[in-house]
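The next part holds the structures, each set out as structure tokens.
One chain, chain A, appears in both complexes that follow, with chain B as partner in the first and chain C in the second.
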Partner chain A sequence: MSAQEYYIPNGTYWPIVGSVGVSTLFVGFANQMHGASWGGSVMAIGFAILVFMMFGWFGQVVNESVNGNYNNQVDRSFRWGMSWFIFSEVMFFAAFFGALFYARQLSVPWLGGADNNLFTPELWNGFSATWQQVAMNTPAAISQAGMEYSVPVKLVDTWGLPALNTLLLLLSGVTLTFAHHALREGKRNQIVGWLVATIVLGVLFLGFQIAEYGHAYHDGLKLTSGIYGSTFYMLTGFHGFHVTVGAIMLTVILYRVQKGHFSADSHFGFEGVAWYWHFVDVVWLGLFVFVYWV
Partner chain B sequence: MTTATATSHDDHHHGPEKGIMRWVKTTNHKDIGTLYLWFAFAMLLVGGAMAMGIRMELLQPGMQVMDPHFFNQLTTMHGLIMVFGAIMPAMVGLGNWLIPMMVGAPDMALPRMNNWSFWILPFAGGILMSTFFMDGGAPAFGWTFYAPLSTTFAPDSTDFFIFAVHLLGFSSIMGAINIIATVINMRAPEMKLMDMPLFVWTWLITSFLLIGAMPVLAGAVTMMLTDRNFGTAFFDATGGGDPVMFQHIFWFFGHPEVYIMILPAFGIISHIIPTFSRKPLFGYSSMVYATASIAFLSYIVWAHHMFLTGMPVAGELYFMYATMMIAVPTGVKVFNWVSTMWKGSMTFETPMLWALSFVILFTIGGFSGLMLGIAPADIQYHDTYFVVAHFHYVLVTGALWAIIAATLYWLPKWTGKMYNESLAKVHFWWAVISVNVLFFPQHFLGLAGMPRRIPDYSLQFADFNLISSLGGFAFGASFILLAYIVVDCIRNGKPVDARPWDGAKGLEWTLSAKADYHTFNTPPSRELIENESQHS
Partner chain C sequence: MVEFFIFIFIVVILVALGWGLLGMLKGGKSGSDKMFKSLVTRVVLSVILFALVMFAAYMGWIEPNNVILDAPTQ
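Let's look at the complex of A and B:
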């Protein structure tokens, strides 16, 4: 390898804008939760600053990329960065999956007197440690946030909408791969077609997920339904949030494809988003198996 | 590969911008490293001031200067600030300064993100500190923020603490991603993995710990947030959750976290001891494998912090034996450092004094850790001052010692000047004596049963607490001298050669006396890398 010049960007003020944005968002959020009337507005301002920062920062990177400032080494740095970012996301979900496994396999059975917990039946006569009814059968059990725990009438259904959603997301992974192949062969019309299909499948998924939330809520499953409701809504909610972000990123990629930003052998932006989409896909498989199925 | 240079070419060779915007906008790894290090030092003084308050209260039995609630706020914030504000940023700062120079790279792989990693920190620190001025005061549940103390019984300010932790986590994850990308992708093409200096190796492995552990912490505080505000039941047995689950999730982060703070320290010591022993590092590859083993083990031992939570006996036994295993790779490291010194032509400049005292004092902390890892014995030690003594020996005379050693060792490279060696020696002896007066009696206090996080105590603990407090004040004051030594070096230090230490090896010493603003615009040659490697 011959001696070469590395690419080093100039100074940037986007990070400090991002810090101001995210801090404003969080301070607004905390005050909103504490009942301050202005909390929501401050949150909105913080969010707007963050969006402004992302447009500016990513826009600058896109411009530099289109202008050919980046060499293969920068491309590889982006790849390493994106891979390990996704891994950190995996670990974030792992915390919630861990909570789900721990509650289902250990703490809920222990509450019901498993492992020779002799006094449980004495102290909590009539309490049955079933997964959907772990909110105590005692009257008016109050959560730490001061809300009454509610007990759902049944577990969410596995083979209706969740199974359909599994199919949709898996399919979207296939269409996205077709788009990638088309990109590598330089067939722009096909790329656009497959990308649009992927986005439509993602949006459909989100629509069905909202409908599914409606059914669950109707059956009495709420965020306040004890550990079942907590793990159900937090896991699927964070996943839905990630699908939303992924769909927005795919839309940006669609726009960039139409602007001709990508070539057959240089399209990291596309690939990074595709990795992210597949990651969201895999998380869903975990959710389908452990939240909806077993 | 060639198109990249066209537009960026002009930007490479000039120096930094002028004024404050240089620091706000900078993408230069040396600038960002400097920012990190000064931020960490400021936080060290803030957290240290809190420690002075704690020792003031504990000077004598009975209530002295503050009410118990404020005492609890001080212990909590002291721990959080020292861990997240002082030790971790200082290590990242050293990584920023040194890693690109050590691997022959011009900068970090993702320089803009590097800027953000730092510039989130002052905001996170500001939000965290602001909790002192809120109704109900700052978080007062200990740095481990166990539920339900941090959920049901915590003040409103806890939500600000939660968001501060989120921001600190973003910062650490971005920093870790950057270091991985730098080491793997920006390393000089002629430098193989097993040519890398140990500080680079330890930081690379630490980055994997950060990326694996910090998101789990984010998950834990997110669950706290929804438990506190939105009616979830993760840590509430009434709703089928479990407060002990909080401890599992927290320590799944928390145990790797302690290695996040100490592994880069191991790297630093592995540079300083060979230099002043004028011998190559003994057992280079075993050092690398030991570091990796410690990192792996750190993920599977977390519940040794929880022996008293009523875990099944099988769990206690597993976590005890797994914990004992960490002593093996750690022992490999200690013996390697000692073997490096064996028959070396040793001299005792100040960085070496810090490194030597690190080996002794960190080993004491490691041994008390082994004692704590024995499940049946831990019933006696748990939540006593013995634990406090243990983790201060590994974090103060371990991690912080290495940071001070590194600062003095590489200060000539950062400034092109030499610090005042005799003042630095005075400071060393002052600190090393006072820190032992401060922390060693705490072993006895803990064994005798004095609980931690309590503002008052029984009369039989009075003498050792008095000694400990006096040592604490002396140790705290020593940092004023350290600040003077560093500032004096920057302002009035005598110019040095490019390689001010006799036996120093490493690519950073091949640069000019004060490293240029941009270094290694072209990668170093194989010959240079081999000459400067840590291999024997």
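Let's look at the complex of A and C:
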């Protein structure tokens, strides 16, 4: 294909297969949460459809690329497509960080009587405006204790697992940078080694995140634990999901590196995934600083 | 004061990341170089920031997010 021709892809059924897979997965998940016995099975079917879609769709695009169907115009389209995707991701996390900021800096202090809310102490007598508001008492426990409102009963540990996880993710950024450098130098064995290290560090991060959730849940921090619990799980949960997606993408890139799909001069697939991983890394750094420390 | 430095670090890290995105969008040899250098800057700054936060916490300059913001007068 010449550089002047505008590439029009063939019709493909993979998007609708993906939609069916995601819908099935979430119908199963929602019903599982509501206690339906068939929820887990439907989830498994949806997940299988998604995996089938990923293999099929990724494989089709990779084959088109390797067979030389793509010209410079397609290359630019891919780069713009990735940029818009990134823009949507930035807006996504900006919304949750905004919610965290609003709750912590504005609404919780207001409820505690800050600024000119003179009557707040009268309306919410006994309410203590604290952050983190972890492990709020249940309505039944509040009633039993004769309290009017719930109070925070326990704080999350900021050292330990959160700090260790930050270190792991930062290290994965370092190993990925070495892989990137090796790719630009055309040293395939080194790329494979550094990419494997990056994926292992990402999986370790996810493992420790699950352990952290176990601790937090055991201590009573849940999605229902007031505004802190909600923002904590929404931010860290969606971040964990992005790490999972990033690890899958890196695994695909690892496979493509081994197949020799990239050269030192042409490797957009690697660049797109590398940038995504760096972005996820920075989001966690922001989470670590703003949720746990500053 | 430490919080101010941390905030500045985060802003610079975000700028480096954004610079890398522009490099990726541009493509070609110059775009690829720009992207790689920006991401290296991002990684180095991130590691320094993590070390700064841990050191500041160890020294007691910053404390975890568990302080009472505005407790009402009882």
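As a working rule, the second predicted complex is superposed on the first by the 233 of 294 C-alpha atoms of A that agree within 3 Å, B and C clash if a C-alpha of one lies under 4 Å from a C-alpha of the other, contacts with A are read in each partner's own complex, and residues count from 1 in each chain.
Please note the rule applied: a residue touches a chain if its C-beta (ideal position, glycine included) is under 8 Å from a C-beta of that chain, and two chains touch if they have at least 3 such contacts.
Here the structure is a predicted model, which means the values were calculated and not measured.
Shared-chain residue A:174: touches chain C; no touch with chain B.
Legend: residue contacts after superposition of the two complexes on their common chain; A:23 is shown touching chain B, with no touch to chain C.
Contact comparison for chain A: of chain B and chain C, B touches the greater number of residues.
Of the two partner chains, chain C is the only one touched by A:272; chain B is not.
In the overlay built on the shared chain, the residue A:281 is in contact with chain C alone; chain B does not reach it.
Once the two complexes are laid over each other on the shared chain, residue contacts for A:86 go to chain C alone; chain B is not touched.
Of the two partner chains placed by superposition, chain B and chain C are both touched by A:76. With the contact threshold set out at the top, residues 76, 80, 108, 129 of chain A are in contact with chain B in one structure and with chain C in the other.
By the touch criterion stated above, chain A contacts chain B in their complex at residues 1, 3-16, 18-20, 22-23, 26-27, 29-30, 33-34, 57, 67-74, 76-78, 80-81, 84-85, 87-92, 94-96, 98-99, 102-103, 106-108, 110-111, 115, 129, 134-136, 141-147, 149, 222-224, 226-231, 233-234. Note for the complex: chain C touches chain A at residues 3, 6-7, 10, 13-14, 17, 20-21, 24-25, 27, 29, 32, 35-36, 39-40, 42-43, 46-47, 49-50, 53-54, 57, 62, 64-74. Only residues 75-76, 79-80, 82-83, 86, 104, 108-109, 112-114, 120-121, 124-132, 155-156, 158-159, 163, 166-167, 170, 173-174, 177, 180-181, 184, 265, 268, 271-272, 274-275, 278-279, 281-282, 285-286, 288-289, 291-294 of chain A touch chain C when the two sit together in their complex.
For chain B in complex with chain A, the touching residues are 1-9, 11-12, 17, 21-22, 24-27, 105-107, 109-113, 115-116, 119-120, 122-123, 126-127, 148, 151-152, 156, 159-160, 163, 166-167, 170, 173, 176-178, 180-181, 184-186, 189, 211-216, 218-220, 222-223, 226-242, 244-245, 248-249, 252, 312, 518, 521-523.
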